[in-house]
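What follows is a group of structures, each given as structure tokens.
In what follows, chain A forms one complex with chain B and a second complex with chain C.
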Partner chain A sequence: MISQLLDFLGSDLAHYWKIAAAVMPALLKGFVETLKLALVGIVWGSLFGGMLGILRGQYIRIATPLIGAYLHLLRGTPFLVQLYVIYFVLPNTGYSWLQWDSQTAAFVSLGIYTSSYVTEIVSGAIRAIPRGQWEGAFALGFTRLKTLRLIILPQSVGLILPALGGVYVTLIKATSIVSVVGIVELMRQADISIVRFPGDILYIYFLAGALYFAFCFPVLMLVGRLEERSKNGRMVRT
Partner chain B sequence: MSAAIAAPGQCPGAISIEIKSVKKRYPATANSSGIVALDDVSLTVKSGEVVVIIGPSGSGKSTLLRTLNALEKIDSGTIVVNGDVVTDKTTNLPAFRTKVGMVFQHFNLFLHKTAMENVVLPQVAVKRRPRAEAEANARKFLAKVGMLERANNYPSQLSGGQQQRVAIARALAMNPRVMLFDEATSALDPETVGGVLDLMRELAGEGMTMVVVTHEMHFAREVADRVVFMDAGAIVEMGPPEQVFLNAQSERTRKFLSLVG
Partner chain C sequence: MEDFVSAIQSAYNIRIVGQYVDEFARGVGHTVTAAAFSLALSLVFGLALALMRISGRRFLSYPAAAYVQIIRSTPLLLQIYIVYFGLPAIFPSMGRLPEIILGIIALTMHTGAYMAEIIRSGLLSVPNGQREGAIAVGMTTFQQYRYVILPQGIVNIIPALLGQTAILIKDTSLLSLITVFDLVSAGMLLNSDRVRPNEAFLTIAAIYFVIYLLVLFLSRLVEDRLAGRGWRVPA
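Right after this comes the complex of A and B.
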């Protein structure tokens, strides 16, 4: 009885091991591509979103409503639609500089998508700093830029960092969508592997999910750590 | 506008602040028809003089004070402080503001910096003083306000009165020609008010030009060279403290003083 069970498990494990060994190289290649997409999205989204957020955090006559419209447009439409517009619609406008290959289109759309969230986080954090901090600095002769750099932003980072982590995790997961414009990232590699081993759909998706999780989990842990720190340690240090 | 050219000497009697027919109106919004914040206000403050502005809430006294370093914009009129035309668009406001110290009701200390760093940072970042010089200077002024032993504390670790004393040290360390006090003791616990008022008294004794908005009538009476009573955005009465407190000309002033006095 027991030996039968062990036999069954053994043959099963051997089977799973064989599949994993066969598909892992492809999945890892896809994982590297996913990593690349996520990193580019994080870097561009953070830079662009950070800049827009700093502008939106203050009231600037034309910029603030304009950025507001940009945000509503991006956050009110699905990422897939944005990706289609950038990859399929923009080239139809006829401008040569809007004709992007799938890789560039994926980078641009992920960057823009991320920037919309980063902008809200940064501008929200800046607005959370009491008005008196600005006035105290202005009264001492600080320029607007100096006030931002030395007084406002240093106090905002405690609010920005934990929230950014959440956005990055969303972005990592959103990279799976760009497979639809022909980027062979982790999700696409999983689909290809399933064609090779149609009997193990669930298992292959499980492996792909495990790789996504291995990427997101440390980020989430870091976010939790930062959140804890900003809750406990903010402004009271001895 | 001649004050713009005249050398702003520190000798007593020279004109330090000149406010000429300043008007400011908060525009109408959906739920208000607009308010006149400053209604043709004119006031001259001499170098070394202590002018205390009193009046009911919403009378425009804080607004007037905040126009002096252009934290508040005005619609018309001119303001000249130590020869700088504040209301001139070409005036370099940050550079001008280093010469005017301001103390706020809510202190506005930089919350991410220790008391020491609060005093050092503006000197280094704005006045470009070498760090060592700024630190020595900071120690001097923190000692003056009795906060040297708490120099390494963050604002959140200090009482309101202690924070306000650090804020005064921070303003003084920039070597201002004029000090503005915007209800500096209104947010303090009663037992810490005295220390801050003593400090302001000491500054006045040293000949600092001061414009003080306050609800502390005893302080006004005792320290002011001149008391200004404001109501509804206008100066109603102005004169030496004895005259305003004991022999006010207007009914409005007498009524206010009888209610607060």
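Right after this comes the complex of A and C.
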């Protein structure tokens, strides 16, 4: 009955306006939560993935195949399944420090998910630096660490940064999946708002989509521009 | 030895999985079906979008570009929900479609945008002289694409298309959230019946991983085969 009434009013612009005004505060709150999740994911993922990527970038006997296996495991399973494994299987092992609430599970799974992308990007960027750079530095008596810090990494930053922007967009989109374990982010807020206004399912999802778009689209544009520049051989200003 | 076996069994009891083989088989069947149909449809859709984008006519290229950007900037889960709730609302005459068909439509719309980007880069990688040559021997536009541009353009992007296929197979896992009985749902069923998360979720992960390895193997095979016949390694 109510939904029929809302359908009838649906043609009314004022009605949409009213729904938007009623729903937007919740959606914006969810959007902030989404950004927070993504930020935590990118920080942990970048730290962890950066370390793994630096290791993988230089052919170390045991580490490189091990990291390769880790990457394949993460790339071979859907994020939803990774999340379920971290949320349901790890607490089942019985160790008390693995008894995570949904918030921690979400952070951990997003961080691990991001790390696989970052590892690939960083190792690719390090391998893209010609070998002569390593050899030249060694000839000058640089240690391996110093070579990395002073010669190799500064040159690969221009390759890494634009790609990280792309990962950030992927991550923002992946946070929507975390809503299934009960994290109240943008997607979940949209679901909650739909319970309040069941006649406007589509409209509320469109509003949520517009928020995602408002963030992801400019980042994607920027990434495209930066990639274009680094392809042209110019340094990306950092 | 006895202790070891029982420890393994308490962590992962293969017999419990054995009781659910039928469910898992059904789930894998639905997962593969959804992925296969979405793959075929999204290739066609992606090709159409790519041709629209490079057509040079604004009323074709702008909508295609906008579509691709919108899809790339919003989460797949949201797109699935919009199709799942939206299509029946917009076309009430269609009646109640099975969830898996709605899921295939959503996945096609999503993957099509990514396929369009890949196909476009493939078509643009064909040197312009090829088209000019085709025009010079009097081919129609359709013939140019059919015999000259598409065969060369597609070969270059087969690895990228296979990579996107691997992503598509993983994306089908989200269909479990709109009550399609896929691989994830099969595991969820086991977990809700027996409360054995290890058996349920590790089995799902393992099966997805096996499917991924198959696709990986296939793409290695294709790459090797292409390498034999004048495969141009991108610099």
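Throughout what follows, the second predicted complex is superposed on the first by the 221 of 238 C-alpha atoms of A that agree within 3 Å, B and C clash if a C-alpha of one lies under 4 Å from a C-alpha of the other, contacts with A are read in each partner's own complex, and residues count from 1 in each chain.
One rule holds in what follows: contacts are C-beta pairs under 8 Å (C-beta built on N, C-alpha and C of every residue); 3 or more make two chains touch, one makes a residue touch a chain.
All values reported here derive from a predicted model rather than from experimental measurement.
Peer 1: Tell me the contact category for A:S176 with respect to chain B and chain C: first, second, both or neither.
Peer 2: A:S176 sits against chain C, while chain B stays out of touch.
Peer 1: Does the superposition put A:F138 against chain B (first), chain C (second), both, or neither?
Peer 2: After superposition on chain A, A:F138 lies in contact with chain B alone.
Peer 1: What is the contact status of A:L73 with respect to chain B (first) and chain C (second): first, second, both, or neither?
Peer 2: A:L73 contacts chain C only, not chain B.
Peer 1: With both complexes overlaid on chain A, does A:I201 touch chain B (first), chain C (second), both or neither?
Peer 2: second
Peer 1: Return first, second, both or neither, reflecting whether A:F213 touches chain B, chain C, both chains, or no partner chain.
Peer 2: second
Peer 1: Using the superposition described at the top, determine whether chain B or chain C touches more residues of chain A.
Peer 2: C
Peer 1: With the two complexes superposed on chain A, say which partner A:N92 touches: chain B (first), chain C (second), both, or neither.
Peer 2: second
Peer 1: For chain A, which residues lie in the overlap of the chain B contacts and the chain C contacts?
Peer 2: On chain A, the chain B and chain C contacts do not overlap at all.
Peer 1: Tell me, which parts of chain B touch chain A in their complex?
Peer 2: Touching chain A: residues 69, 71, 94-98, 100-102, 104, 106-112, 121-122, 125-127, 154-157, 167, 170-171, 174 of chain B.
Peer 1: Quick check on the complex: what are the chain A residues that touch chain C?
Peer 2: So the residues of chain A in touch with chain C come to 72-73, 75-82, 84-85, 88-89, 92, 169, 172-177, 179-180, 187, 190, 201-202, 205-206, 208-209, 212-213, 216-217, 220.
Peer 1: Quick one: which bits of chain A touch chain B in the complex? Just the residue numbers, please.
Peer 2: 132-133, 135-143, 146, 150-151, 154-155, 235-238
Peer 1: Flag every residue of chain C that touches chain A in the complex, lowest number first.
Peer 2: So the residues of chain C in touch with chain A come to 69-70, 72-78, 81-82, 85-86, 89, 166, 170-174, 176-177, 184, 187, 191, 197-198, 200-202, 204-205, 208-209, 211-213, 216.
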